[in-house]
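By letter and in written order, the chains are A, B, C and D; residue numbering begins at 1 in each of them.
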Amino acid sequence: MTIEDLSARQRAFAAARAWERWHTPKNLVMALSGEVGELTEIFQWLTPDQAETAYADPDLRARIDDELADVLLYLVRLADVLGADLLAAANAKIDRNEHRFPKPAPLTD
Amino acid sequence: MTIEDLSARQRAFAAARAWERWHTPKNLVMALSGEVGELTEIFQWLTPDQAETAYADPDLRARIDDELADVLLYLVRLADVLGADLLAAANAKIDRNEHRFPKPAPLTD
Amino acid sequence: MTIEDLSARQRAFAAARAWERWHTPKNLVMALSGEVGELTEIFQWLTPDQAETAYADPDLRARIDDELADVLLYLVRLADVLGADLLAAANAKIDRNEHRFPKPAPLTD
Amino acid sequence: MTIEDLSARQRAFAAARAWERWHTPKNLVMALSGEVGELTEIFQWLTPDQAETAYADPDLRARIDDELADVLLYLVRLADVLGADLLAAANAKIDRNEHRFPKPAPLTD
């Protein structure tokens, strides 16, 4: 399973249900935002310590996986509808971040 | 470039800068949410037609790629910190969606 | 009912339940963000025309009121916890916006 | 200054610039979400302790006030465009919350 497979699967899923008409860029950005809101709600009242161990709890783990999945699915679908290459964009962004935030020099004596 | 490569690259990036201490689940959920907010801002005042063609404009394309990248990077980093398998979670979610929203029967005569 | 009354009522509500310990700035920002996500979900698949008339539908109206309320309640609570004066801040921001976006000159002949 | 004054001022501001056409429910929900994203970005990397004292710092205070203002302004504008009564909705929601989360019985001896 790669991100390209996921994107193809999402595209086929939408096509089989004639949902492409709803999958406009604005609607998908809103859907992505809504799912990030649901992910946020899982963590909002947890203490930092509780948040660190949340994923070890089977119930929380299932809820987190479900929301992480929804976020990725709408992100991948949005990129597909736009014609964007998510992985290339992210890789290029890390390149820029490497320049923007240079590694500290190693401590030497 | 795969999503696993991206995740490994992000992990190394954070480690080289000793940023792991900031990359708590709550902070990363907030960062993800902030980046989705920036993506939303690109599209908020566009008409539906303008949003459909936004990615064909070189300036908008660069801005959209930049925000899509940031969203993916924080999502991948959050999954890595939690120990979640993003692609497996997303694939399992499409499986559930296939049951939840069955394909309409094909039209026959 | 004023925004100050609402803020006082929220403060008393939290105090009566000993919820102040959960109402940290970070948690409240996350809660605000989660509620905006729920509001977004109501509108995400509506066409622009459907969104214009959504509030005339009794069921949608109740859901929208509920989410608008949650957004305002967490915003008011966050401002109270921080010690911020929401109305003064918003009024000062419109002042700045008046300068930033001057009114177009009236058309004259 | 009341929330009604703020709403009237926002309405006049939009009318004077002929911005009503952009102030559709979907666009305003997106704008609200974008501003909450900017507020989130101020707090995302702060430790809980730093977040508690952020508002005492003059620079952070100005930035926080600016984003709180933007969130309130778009929320008020959205409610006005929809025809919703924000304060009434919020007050009714606290009524429901009073029933949903009853006060713990007072400790007696």
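As a working rule, a residue touches a chain if its C-beta (ideal position, glycine included) is under 8 Å from a C-beta of that chain, and two chains touch if they have at least 3 such contacts.
Since the model is a prediction, treat every value here as computed from it, not as a measurement.
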item: Chain pair, B-C or A-C, that carries the greater number of C-beta contacts; value: A-C
item: Mean-CA-position distance for chain C and chain A (Å); value: 26
item: Distance from chain D to chain C - Cα centre to Cα centre, in angstrom; value: 3
item: Of all residues in chain D, the ones touching two or more other chains; value: 26, 29-30, 33, 36-37, 40, 43, 48
item: Chain contact topology (line, ring, star, complete or other); value: complete
item: Contact footprint of chain B on chain C as seen in their complex; value: 26, 29-30, 33, 48
item: Residues of chain D that touch chain C when the two form their complex; value: 1-3, 6, 9-10, 13, 16-18, 24-26, 29-30, 32-33, 36-37, 39-40, 43, 46, 48, 51-52, 54-55, 61, 64-66, 68-73, 75-76, 78-79, 82-84, 86-94, 97-98, 101, 103-104
item: In the complex, chain B residues that touch chain D; value: 22, 27, 30-31, 33-38, 40-41, 43-45
